Every structure is written in structure tokens, then in C-alpha cells.
Amino acid sequence: KMEDQDDGTNTTSAVMAAFKSFQLELDTKHDKYERLVKLSRDITIESKRTIFLLHRVTSVPGVAEVLAESEVKLDGVRLKIKQIAEELRGQDLHQYHRAFTPGIQEYVEAISFQHFIKERALISLEEINKKLIFVKDNTKEAEGDQGTSSESIQESREGAVYFQVTPTDYLLGIADLTGELMRMCINSVGNGDIDTPFQLSQFLRQIYDGFSYIGNTGPYEVSKKLYTLKQSLGKVEDACYTLRVRGSEIPTHMLADVFTTRAALIDPDEGIS
Amino acid sequence: EMSVTEMFSNIQEYLSADQDVREDIRKVVQVLEQTAREILTVLQSVHQPSGFKDIPSKCLKARELFCTVRNHLGDLKTKFPAEQYYRFHEHWRFVLQRVTFLAAFVVYLEGETLVTREEVAGILGIEVDREKGFHLDIEDYLSGILTLASELSRLAVNSVTAGDYTRPLRISHFINELDSGFRLLNLKNDPLRKRYDGLKYDVKKIEEVVYDLSIRGLAKEQEGASTGDQ
Amino acid sequence: KMEDQDDGTNTTSAVMAAFKSFQLELDTKHDKYERLVKLSRDITIESKRTIFLLHRVTSVPGVAEVLAESEVKLDGVRLKIKQIAEELRGQDLHQYHRAFTPGIQEYVEAISFQHFIKERALISLEEINKKLIFVKDNTKEAEGDQGTSSESIQESREGAVYFQVTPTDYLLGIADLTGELMRMCINSVGNGDIDTPFQLSQFLRQIYDGFSYIGNTGPYEVSKKLYTLKQSLGKVEDACYTLRVRGSEIPTHMLADVFTTRAALIDPDEGIS
Amino acid sequence: EMSVTEMFSNIQEYLSADQDVREDIRKVVQVLEQTAREILTVLQSVHQPSGFKDIPSKCLKARELFCTVRNHLGDLKTKFPAEQYYRFHEHWRFVLQRVTFLAAFVVYLEGETLVTREEVAGILGIEVDREKGFHLDIEDYLSGILTLASELSRLAVNSVTAGDYTRPLRISHFINELDSGFRLLNLKNDPLRKRYDGLKYDVKKIEEVVYDLSIRGLAKEQEGASTGDQ
Amino acid sequence: EMSVTEMFSNIQEYLSADQDVREDIRKVVQVLEQTAREILTVLQSVHQPSGFKDIPSKCLKARELFCTVRNHLGDLKTKFPAEQYYRFHEHWRFVLQRVTFLAAFVVYLEGETLVTREEVAGILGIEVDREKGFHLDIEDYLSGILTLASELSRLAVNSVTAGDYTRPLRISHFINELDSGFRLLNLKNDPLRKRYDGLKYDVKKIEEVVYDLSIRGLAKEQEGASTGDQ
Amino acid sequence: EMSVTEMFSNIQEYLSADQDVREDIRKVVQVLEQTAREILTVLQSVHQPSGFKDIPSKCLKARELFCTVRNHLGDLKTKFPAEQYYRFHEHWRFVLQRVTFLAAFVVYLEGETLVTREEVAGILGIEVDREKGFHLDIEDYLSGILTLASELSRLAVNSVTAGDYTRPLRISHFINELDSGFRLLNLKNDPLRKRYDGLKYDVKKIEEVVYDLSIRGLAKEQEGASTGDQ
Amino acid sequence: EMSVTEMFSNIQEYLSADQDVREDIRKVVQVLEQTAREILTVLQSVHQPSGFKDIPSKCLKARELFCTVRNHLGDLKTKFPAEQYYRFHEHWRFVLQRVTFLAAFVVYLEGETLVTREEVAGILGIEVDREKGFHLDIEDYLSGILTLASELSRLAVNSVTAGDYTRPLRISHFINELDSGFRLLNLKNDPLRKRYDGLKYDVKKIEEVVYDLSIRGLAKEQEGASTGDQ
Amino acid sequence: EMSVTEMFSNIQEYLSADQDVREDIRKVVQVLEQTAREILTVLQSVHQPSGFKDIPSKCLKARELFCTVRNHLGDLKTKFPAEQYYRFHEHWRFVLQRVTFLAAFVVYLEGETLVTREEVAGILGIEVDREKGFHLDIEDYLSGILTLASELSRLAVNSVTAGDYTRPLRISHFINELDSGFRLLNLKNDPLRKRYDGLKYDVKKIEEVVYDLSIRGLAKEQEGASTGDQ
């Protein structure tokens, strides 16, 4: 039935050979993409869990312990990012960007949250990227149990592997951070902590001003998050407002009692500055 | 040719049967919702200034209505194969969270303790372990508990209105414990997470009530007395 | 600052203990879900590649070879489904259904396509499920390189593991199959094969009638695919129409030539029945 | 406080620079599209009955215009850092597929062979390997080739109108080979897959033309002659 | 052939007539909305500190404007056959809910009672029973009542600002009763259900106002006095 | 307080009754859809190559099933007060368009005429005039007719495949008439307008079938013979 | 306070006036659409086998109806200030494209030439230059022309059915010229670009008709004869 | 043939010119947006606790930046013929609403009055009357005003936090007046209507702030003092 097809295929081995190489090239690319998607999912989950862990600082006494535990978790995440970096070695990062961008954004959110808790400051893109320079380390490598992905790692080249978070992923991660900061603020109020909300409102306002300054010149995904960001800021400002309003009543009533029964409450005026 | 038609007939039969099961479930769920609303009406009255006096009798009345809930849930179990719980989960998920909340509210009003999953299952006449039969999903249990938290923040406000200044402190203690518990959990971006996000506002509200009482010295006054009561 | 929180947490170990167990339960569930999603993605990719492979039967002489190769690929897919089955052992399948349904639907599409090529018939749900009963086999198990997931497999129980495709996943897979059959039909015309299009139009019409019979009583996803299904049928009917119309011209012209130069072309009237 | 503002200033600078790069790229791409339309107009005339006569001269004219294409692409390369090809890929993806098709069409018309990726890269003055610089992405190459297939199915039809009965057979042979090649590929559900789905209709159309010629004995007549030509 | 043309001509006549009816309805609805906005403006002023003094005169003024509403609705009835109420329901649904709310607000301000469906129908000059003519659909009535609830939560806030510390308590009582009423209903997942879900926020808001008064001893102070007033 | 509870109890009664009506309607509509699908299965078989032979017997079978349709629709009428047709219209709108199409298809297959609204009403056992009772809305009739057009374009294709070369010509004539009819209508930008926009594709498709037959002399050949048949 | 009210009253006056203008425009556009449909019905009949005979008389009839179009458009101009053309453009954009197509179709049928923008403006009694008054926007002109292309591909098919084998060749020539013209344009990614992408299908369709005639020797046969006719 | 090519060449010239105009407009709009963002940054700092002290200096700084706005808008006017305002309206609509808001904010901060359309036009260096040239469309003015309302509700909150207890009362008065104004308008179901629906949330928010101050006696306390200041 298909005789003329037959000799067609035989005589034109050049075209078929070319397409066989295309097949290999495409499959290799797709497989790599798929491995990156899986790494990204792992990073997302572990980063989210780190954020949950970090929220415990507002209720638990041992801040240092929580921070230490979060560092261990983030070290784990960074090992995954190292695997991404290894996959991307010699590649154009942007070719596979869509595969791992969700995970990286979530990592930015987690590390910047941790950084805020430690330093009460915004982590810079440079600081984030500095932590993503990995020295070649075979012992650590063997430890990782992802048999599938380690097969294709080319460890032949000398020197460090590194991963570069793009400014856009950084921005998107920071935009999400503001939601966590809002949660932290409300939690602080609930726990009788008055300093933190005022600190947070200052900090969030700075970030909000920063995003307003960028406005719609950034990528579309950033503009989309502006609304949520504004809402979070509103919630934090409302919380500070309430603290201020209720604080206004102390002097008129039995002030002494307050200080004896609730030593945690300090004069809110201090908190404002 | 025959076989394709047959195959589709079989599938159509399966789909019809499936719809019948769902229809049956929907009916039971509807009456269950009705009963849940009745229990809610009974318990809601604790928010009224007058309602603080006879909490025990309200609890008793609610307990009685839980018999009906047990009957309905007993009926529900018979409507589908036990091992396909999650196939139809969406149908009763909402109402089960609702009655869990109601059970938790009753238990709280009775003894100011957090109802355990086992207790809820007991009150509802269902299981805790999936393997044993119609059970209470953990996320549904947690969701019900979160509704309790927001109900208690309202109760704290209203108990002040009713002149009971010690209850808010006890509620505060209770809710703080609950909050600590929830902070241990890693939630996905699902409805439960969204509901959990509301908890911090309940905690905040209660803290504000306690604060209001503190600065007026109202908390301290009664504190000694009420601790004895507990 | 948070002293009263402190003793709160200490005295109430019962609640905290309960929540610690909840944490474990939830994390276990989410981890399992995640592993199932990954398996599903693997199944999807491998099933899609099998379908591409099977389309080569209309252009390549060795149908048997292609079928054999597809069988090897599908064996690989079934090993993954076995892993799903092992994850689900003792679980309620529907609890995790959303995690693996895309993969399973794609597998149904691939196996039913293979079955049609072999048997020119629709594979039944029972036949599909029969192939998803797995005997406990430790050698095969060790072969699988997914170190992560094998950790949690409980091989203690005796007997076979099996997986059950739901009727809905079966329906959705078959709905997608019709698209592949349409492609196969047009390819056949392009390759001068006249029997296949008429067979396919018969077969597709039966499936279309079947879906019409189910109508909107099925799940929403099925209804959504009805439009594409109707379009595919239209394309196949058009192709048969064209074959018939152009076939009508033979007798009036130099019929003999046709048979000598293009032996592949048989009288289209035969193809109609 | 200062530092947050600074950080956002830096990012804003980055974003501005990014937009400038994109603006530059867009401008070059626009003139490239203009040139592509000109080449297309030159080559389109082969579909006219009169156009079959002087194909070589048309090809020459197109070849000249490819110089301009090379210049534009040379310009394009200078607009962004070489290793960020895929960051801006979407901007030139479409036009690169377009000129790939045009190169493939010229090469086909000249010698009835399938242009290789290397040849296209040569005609466009770009690279094959990503590592070496501005290159031709494999999917863009394949996409351009698929456009050729559909152009050839049209050419088969029009060559019959123009009285050339042997060309369709040669096209058929060529397209069948291409089809066999594409069947080796595993495509994702992306634009390329969608475009590939059209190939089977081109193959079908050409098969129908060949059939029409066969049953009228038109194919055979000239066949001997044209085989010699090739 | 003739008959098909004739048939479609008839159909076109029908379609034109239908479009004319809708156009007529739209025009009446527009002026009705205008009047509704005027009534709202009259009643809105009760939220102003000064507005608490002359509520009765505001109500009178609103009552007068309801004459205009009655006229417009009387006009509306003449625009379409009575039995096709639901065919065009969507056109006036929104404005009918609006004027229902306004009627309920007036009635509340006058005597602090919940307007009945009969009363609303009376004020609007329409029917309660669907059988008797242009009527007030029950869902539209309920929707109007829910708008009242949210208006009253705002009134509770503003009456405190205006120095009236007893009104919030009365509003609280009223709203609780309304809430109990709604809890008797088994609402489907429709727009009304969604709006009802908002009621609990109004209830909570008013409870918090009452709480604020209680904890500052402001509620009791006036209570004795105001009870006399009423 | 009593009165509010009473009032809401009454309302709940009303709402329950309404929900029961809707439940009843849904059930009848469901079986109606089932019957409609059965008729479709019967009629769809005319597209099979073998199906062209025994069209009359298929029509008879469909006619029998329309008895069931009439019964279901008769049942449906009893479920709600006649003047509330438009209140529940959305429930049966889709299925009524469906059975209208099926009736139009049967009538076409029997005598190749366009079914009138009166005929459809007769087949379905319902009214044409809204005033007389449960009727066939004009938009629903038109929608059913448009479905027929697209079914006939498919039939034209398949009748050629089955070797019947004259049917497409008759279908072409029929569809052109229908198209002229629709051109008399001034449709708004509603679903019907969108569906009508699809009619031109059906017209074009059938014209191309007729063209294919004409250019091969197939239309004329059979025409003589078949004209005698009819 | 006074001034704010005054200011908003002024604004409301402005808004009302604007809405009135839009209402007026809508009404004129509606009758214009009616007339456009009538012209279409007149011209559509050229697709009928019988329609090929008296094309001139159909064109005359259409020309008469264009008087009405001119009147309506004259009316439209008076409804709004000339410099606000683009403020209300969306209201008449669609119908203007429609009558442009109809004018282009008439002109083609009369002399097989492409109507210029000036000619269309003349037929419609409007301006070409925006500065001079109510004009025909260039995009709307182009859009109307593209509709003509698809109508001609249909005409090519139907003229073969009607036995006129030379018209498709002339249409093919005309369409190729049009296609070359469009290739000179640099269209943005707007609706027009999308519509232009459809042109290549019309070109292809017509080429296939010509092919069908060629391979059967039908094109040549008549060619000699028909050339004389023209 | 010549003429078609010529015609399309002319059209392409026109299209190019049009695209150039749009490109020019886009560029000016981009820098205008940049300036708008700078003004926003200046004014947003009033929300900082420290920002309440030097509002006048912030306003001065903003006023200076409005010079730049005027220059940009002056530049914009030169990019296209005045009568084609609505042809390109969408390009600058958003930014014009933005700078209107900013102008309204400055004017409010300076003197706590509502900026009129005339004032905005003055600040922006554009016209009020459409006839006189590049003007401020009324919808754009209203949209800018609504943005001010929501900014002021935020300002009320933050001024309390900063210890200024009188500002919220003045804002409340201002917003109520604005609300009354808007109630005079009959807005269609367009974006403006949607934005207006948000105004009631701003009103409510500010009323709650005033309530919080009233119940704690904070409003009165400062009022005496601050009244002197003003």
C-alpha cells in the first residue's frame, strides 16, 4: 500500500537524519524543562513551610531557635536551587525561566521574610544572589536523593555554580512578602506587641511607595499585585490607628493598674516614632 | 458496532446511578442544614444580654438537637459506598464543618475546653479514622474550630455588654492556645488557609477587649472570683 | 514581652500535642499529593510520546514494530501507574484524584489509540483496568529509580496492587482519542490509504453517537469536549466525502492508467461499506 | 529607610533600561518585517500562470533582498547582550520564522531541496548554535519549514493551472519526506504542535492533486521527462 | 417560497414589538431611578449630626416623593401585559429593590418597626400577590430589607457621633430580630444568599458599638432617660 | 418580636414552595432531555451510509418518541401556574430548543419543508400563543431552526458520500430560502444573533458541495433520474 | 456647600445631553442597518443559478436603495457636533463597514473594478477627508473591502455551479491584485489584521476553483468565447 | 493594476502617519506618567506620621512638578490635530485621570476645598471646553475626584495615628458633600459608576473614624484648640 513511501524514506536519509537529531534536541529540552518544573514545585512547598515556621516568632519565645530552624530549611531550598543552577549551567536562563519562576518567587518571599525578622530591613537582590553562589561540593551532592536529576549534572567544569534571581522575580517575591508582613502585624497586635505594628507600617509604606514609584513600568504581574499590596498596607495602617486610638484612653483612667497587670503594654507614643 | 453502543450504555448507566446517589445525598444534606440552623438559633441567644444566665439549659437543648443530627448523618452513610467518601465529599463538606462548629461551641460553653476530633465524631455519631467508615475529615474539623474562634471573639464583646468582665480573659487564654496550635500547621493555599487567615483578627479583637478591661481595672476586679468558678 | 503566652503553651500540652499530630497528618497528605502530581506529569509526557509514535504507523511500513515499541513505552507508563496504585493502597482514591487525573486521561487516550490500531475497535474500561492489576514484583520495583517515592511504599501486604480508572476519566480520555483518530484519518488520505478513512468515519460516528447519548448527563468536562469531538467528526466526514467525489471521476477517464500507476488506489466504493 | 528607596530606584532603572532595549528591538523587527513582506511579494508571483517561467530571476531578486535581512539581523544582535537571547525571544520569534520560511522557499525553488538549519542560518547571517551567538531556534526553524509545506501545497495546485503537470509529483515526493521527518518528533502542546497539525492537510491536498493528474493520465505523460530534469 | 418570507415577516413584527416594549420599560425605569435617588438624598441626611433632630420632617418629605414613585410604577404597569411580569423582570428588579429599601428605611425611622411586604406594596402602590397584578417579588422584598440592615449599622455609628447613645441599643435589638428571622429561611446559593451573608457583619458592627458604649458606661447612663422619651 | 418570626415563617413557606416547584420542573426537564437524546440517536443514524435507505422508518420511530415528549411536556405544564412561564423559562428553554430542532428535522426528512411554529407546537402538544398556555417562544423556535440548518449542511456532505447526489441541491435551495427569511429579522446582539451568524457558514458549505457535484457533472446526471422519484 | 451642588447639577445636565445624543445616534443606526440588510438581500440573489442573468438590474435596484442610505447618513450627521466623530465612532463603525462592503460589491458587479475610497464616500454621501465632515475612516473602508473578498470567493464557487466558467478566472485575477495591495500595508495587531489574515483563505479557495476548471479543461474552453463577451 | 498598487501605497502612507502619531503620543504619555508618579511620591508622604507637619512644603514641591506636567501636556497637544481628541483619547485617558486626582489632592491639602474642573484645567494648562482645544473630559474629572475620596479616607486614618484628631471631622464633612454631589448624577453602568459605588465605603470608613474619636471624647477635646489654629 505504501511502496512509494518506502523508497522515499530510504533514499533520503539526510532529511531523516536531520530530524532524528531534532528529535533528540527537542526531547532533551523538554526533559530538562520538566525536571526544572519539579524542582520549582519542591522549592515552592519548602519555602511556604519556612514562612509558616517564621510566623511562629510572634507567638513563641525562642526567636533565635525559629530563625535557626528556618535557616536549616532554607539551606535545603538552596540545595534545590543549586540543582536548578546545575541544570542551567551553560544554558540561557531565560529559555527555561517559566519552569522555575514560581519557586524562585516563593524563595524570595521566604528569605526576605526571614531577613526582615532578623534585621528589620529589606533584603536586596544582591544579598539574595550572594547566597546562591555554590561551591562545588561532592559530599553534599551525594546526600541529595534525587537520583533522576543528578544523572544529567555535568560536574566537569571547575569553579562555583551560581544562580541569579531576576529583578522581576525579586519584585514579585517582595510583593508577596508584604502579605506576610501584614499577617505578622495583626498577629503582633493579638499578642500584645505594640512596637512591631508601627515598625511594620513604616516599612510597608516604604515598600508601597517603592512600588508606586515603579507603577506600571514594571511587568504586568507586578501591576496585578499592587491592589493586594495596597489592601495589606491599609490593614496595617488600620491596626496602628486602633492602637493609637485605644492608647489615647489610658491617661484618663486608672493608669497604674495597666502597668502592673499588663507589663507588656508600653506607652503607644513610643511606638509611633 | 454493537459493542461501542453497549459501552456507552454502561457508562450512561453508571452516570445515572451516580446522579441518583448525589440527589439522595443532597436531600439528606438539606435537612441536616435545617437542623444545623435550628441549633445555631438556640446557641445564638447566648450573645443576648439575657442569654448569659441560662447557658447550661441552652446547651442541653442543643445536645438534644444533636440526636437529630446523628440520625441524619446515620441516614447519609447509607446513601453511598463507604469507601467512596471523597467522591462525594463536596456535598456534605460545608454542613459537616457547620455542625462541627456547633459541637465545638456547645462543648466550649459547657466546660470551656477545646473539643477534640474524637469528641466531635462522638457527638455527630461518626468516625475519626477514614478506615472505620464515614468520618470527620481533619480539614473540616479544623475549619469548624476556626468558626468557633470567630464566634468566641463576638462572645467576648457581648459578654462585656452583658456585664461579665471575666469571660473575655478566659476566652483570650483559650484562643491564644488555639492560635499557638494552628501556627504549627503548614496549610496549602486552599479554603482552610483562607479561613485560618481570619483567626489573627479574632485574636486581635479579643486582645483589644482584654486591653479595654485592663486599662479600666475591670479585668482585675472579678478575676479572682471567676478563677475560682472554673 | 510575652510571658503570659509562655505558661499558656506549657500548661496546655494536650492541645499542642493534638495540633502536632495534625501537622504530621496534613504534611503526610500534602507530600503524598505532591508525589502523585509528579507521577501524573511523567505519565502524561510518556503517553503523549506514545501517541506520537503510534501516528507513525500511517507512514512507516512496519506496523508491528511500531506497535511493539508502543507496548514497551506503555509498559513504562504502567509502572508509573503501579507507583500511583502503591501510593493509594489503603487510601480513598477520590481523595487524591485531582492529583493524577490528567495523567490517567492521557494514558487512556494512548492505550485506546493503540488498541484501535491493533483491533479497529474501542477498548473497554474493563480491558483497560485489567492491565492495571500489578503482581508484587521486587525486581521491577528496584529498577525504578524514583528513590523519593519508594520510601513510603508499604509492601507489607500480600497480593496484587491494582489501579481503577474511573468511568469519567475513561470518557475524557476517549473524547481526546477522537482527535487523534481524526489526525490519523487525514494522514491516511495523504498517504493514499482509502480504507482507513471510511473505517474511521464509521467508528468516530459511533463514538459521537455515544457521547450524544450521554449528552449533558456526564460531568461538565465531558460536555466541554463535545464541540471538539463534533468538529473532528466533521473533518473525517469531509475527508470521506472528498474521497467519494473524486472517486466518482474514475470511470469516465482512463481507468486503466490509474490501476497501473497507482496500485494503491482501490475502488472507493469498496471503502464505503 | 534610605535603602528601600534606593533599592527600588535601582530596580526602576533596570526596568527602564529593559524597556529601552525592547523599544530598540521592536524598531529593528519592524523594518525586518517590511523586508520580509517585500521578499514575499517577489516570491508570491510564482503562483501566477506567468510566474512559472522566470523562477530563477525571482530567486535572484529574493537573494538580493536577503542581504538587507542580514543587515537588519546584524543590527538586531547589537541591541541586547548575546546571552539573553531568550529574554527577548518573543519580539523576533515571529519574523524569524517568516524569513526562515522565505529562505526555505527560495532554496526549494532553486533546487527543490529542503533547506537545512545551517543553510538558513547562513542565508540570514546568524548562528546555529546558541553558544556562538544570535541563533536560529530549532522550533522557529521547524515552524518556518511548516509554512513552506503549506506554500508548496498551494504551488502544486497553481502549477496544474499553469499547465505544469510534473511539479506536483515532485512536490508530493518532497512533502512526503518532510512529513516522515516530522513524525519522528515529540511535540508539546505549543504553537509548533498546532502548526504541525496543519501539515497533514497539505499532504492530503497534494495527494489529491496527484490523484487528479493520475486518473487523467496527466502525471505519467510528463513524468519521464521531468525525472530526467531533476 | 412565499410562505417562508411571510412567516419571517410576521416574526419580525413580533420582534419589533418586543423591542419597543423593552424600550418603553427602560425609559420609565430611568425616571424611577431618578426619583429613588432623590428620596435617598432626603433620607441620607439623618446620618449628619444635625440630621437627628428633624427625622419626622424628613420622613414626611420622603413620603411625598413616594407619590411620584407610585405614579411611575403605575405607568410601568401599562407598558406590558400583566402575565409577562417575569419576562421583563430584570429591567426593574434593581430599582424595585432600591425603593423597597427606601420604604423600609422611612418606616423604620418613623416607628422603628420592620416594614412588611404588604406595607411596602402599599407605599409603592403595587400588589403583594402575583395573581393580582404588578407585584413585589419576595426576593426583591428581602433584598431591600437587607440593604436596610446595613444602613442601620451605619446609623448606629453616626448616632453615637451625634451624641445619641440609646439608639444603637434599639438598633441592635431590631437587627437581632431580623437576623433570627432570616435564619428561618433556607436560601439557595443565589445573589440573595450572598447579600444575607453580609448581614452578620452588620450585626457584629452594631454589637461592637453597643460594647463601646457599655464599657464606657455610656449605655446605661442615658438608658433610663431615653426609655422615658420613647 | 412575634410578628417578625411569623412573617419570616410565612416567607420560608413561600420559598419552600418555590423550591419544590423548581425541583419538580427540573425532574421533568431531565426526563425530557433523555427522550430528546433518544430521538437524536434515532435521527442521527441518517448520516450513516446505510441510513439513507430507510429514512421513512426512522421518521416513524421518531414520531413515536414525540408522543413521549408530548406526555412529558403535558406533565411539565401541571407543575406551575401558567402565567409564571417566564419565571421558570430558563429551566426548559434549552430542551425546548432541542426538541424544536428534532421536530424540524423530522418534518424536513419527511417532506423537505420548513416546519412552521404552529407545526412544532402541534408536534410538541403545546401552544403558539402565549396567552393560551404553555407555548413555544419565538426565539426558541428560531434557535431550533438554526440547529436544523447546521445539521442539513452535514447531511449534504454525508448524502454525497452515500452516493445520493441530488439531495444536496435540494438542501441548498431550502437553506437559501431560510437564509433569506432570517435576513428579514432585526436581531439584537443576543445569543440568537450569534447563532444566526453561523448560518452563513452552513450556506457556504452546502454551496461548495453543490459546486463539487456540478463541476464533475454529477448533479445533472442523477437529477433527471431522481426528479422522477420525488 | 451650595457651589458643590451647583457644580454637580451642571455636570448632570451635561451627562443627560450626552446620553440623549447617543440615543439619537442609536436610532438612526438601527434604520441604517435595516436598509443595509435590504440591499444585501437584493445582491445575495446573484449567488443563485438564475441570478447570474440579470446582475445589472439588481445593481440598479441596489443603487436606488443607496439613496436611502445617503438620507440616513445625512440624518446621522445632524445628531452630533462634527468634531466629535471619534467620540461616537463605535456606534456606527459596524454599519459603515457593512454599507462600504455593499457599495464595493455593487461596483464590482457593475464593472469588475475595485471601488476606491472616494467612490464609496460618493455612494454614501459622506466625506473622504476627516477635516471636511462625517467621513469614511480608512480602517472601515479596508474592512469593507475584505468582506468583498470573501463574498467573491463564494461567487467564484457559485458561478461554476451556474455554468459560468470564466468568471472565477477574472475573480482570481482581481483578488490577487487586492492581495498584493494589502501586502503593501503594515497592519498592527488589530481587528483589521485579523480580518486580513482571512484573505489568504479566499485567495486559496479561488485558486482551487480555477484549478478544478483547469484540470478538466473547462477554463480554456470558454476562455476564448468569453474574452469576446467582455 | 497600477492603480490598485498606487491606492494601497497611499493608504500605507496614511497608516504610517497614523502610527507615527500614536508613537509620538505614547512617548509623551510615558514621561507624563513618570512625572505623575513623582508627584504621587511627594504627596504620599503626608501619610507618614512625620509627614503631617510640613504639608505646605510638600504642596509647593508638587506645584513645581505640575509645571512639568503642563509642559508635557503642552507637548502632547502638538502631536495631533485638535479635532481628533477622541480618536486618541484612550492613550491619555488614564494619565489624565491620574493627574486630575493629584491636582485635586494638592488643592485639598492646601485649602480643604474641592477642586473644580476649571481649576484642574488651570493647573494642567488645558481647556475645560472641548471646543477650545485639548480639554479635560468630564468623566475623567469625576474619576479623578473619586480617587481623591479614597485617598482622604486613608488620610483620616493616618492623621489619627499621627495624633491629629480634628482632621477626620473636616474630611468627613468634605466627603459627605461630595457624596451628595454624586447622588445628583445619573451614571450609566460604566466604569465610572463602578468607581462611584466605592465611594460609599470611603464615607463609611471616615464615619467610623469620627465615631472612634467621638466615643472617646477625642474629637471635642482638640476641636476647641484646633478651631483656633485654622
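Just so it is clear, A, B, C, D, E, F, G and H label the chains in written order, and each chain counts residues from 1 on its own.
Note that a residue touches a chain if its C-beta (ideal position, glycine included) is under 8 Å from a C-beta of that chain, and two chains touch if they have at least 3 such contacts.
All figures in this text were calculated on a predicted structure; none of them were measured in a lab.
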item	value
Labels of chains that are neighbours to chain A and to chain F	C
Between E-F and A-H, the pair joined by more C-beta contacts	E-F
Whole-Å separation of chain centres (CA-atom averages), chain A against chain B	34
Centroid spacing, where centroids are CA-atom means, of chain D and chain F in whole angstrom	48
Chain centre separation (chain D, chain G; CA means) in Å	34
Chain centre separation in whole Å, for chain D relative to chain A (CA means)	41
Where chain D touches two or more other chains, by residue	176, 180, 184-188, 212, 216
For chain A, residues contacting two or more additional chains	5, 9, 30, 59-60, 191-192, 202, 209, 213, 217, 249
All pairs of touching chains, each written as two labels joined by a dash	A-B, A-C, A-D, A-H, B-C, B-E, C-D, C-F, D-G, E-F, E-H, F-G, G-H
Contacting residues of chain E [partner chain H, same complex]	30, 33-34, 37, 40-41, 44, 47-48, 154, 157-158, 160-161, 163, 209, 212-213, 216, 218
Chain E residues touching chain B - in the complex, by the definition given at the top	176, 179-180, 183-184, 186, 204, 207-208, 210-211, 214-215, 219
Residues of chain A touching chain C in the complex	1-3, 5-6, 9, 30, 34, 37-38, 41, 45, 59-61, 145-148, 191-193, 263-264
Residues on chain H engaged by chain G in the complex (per definition of touch)	1, 4-5, 7-9, 11-12, 14-16, 19, 81, 83-87, 89, 114, 116-117, 130-131, 138, 142, 177-178, 180-182, 184-188
Chain A to chain D touching residues, read off their complex	4-5, 8-9, 12, 15-16, 18-20, 22-23, 25-27, 30, 90, 92-95, 97, 121-122, 124-125, 167, 170-171, 202-203, 206-207, 209-211, 213-214, 217-218
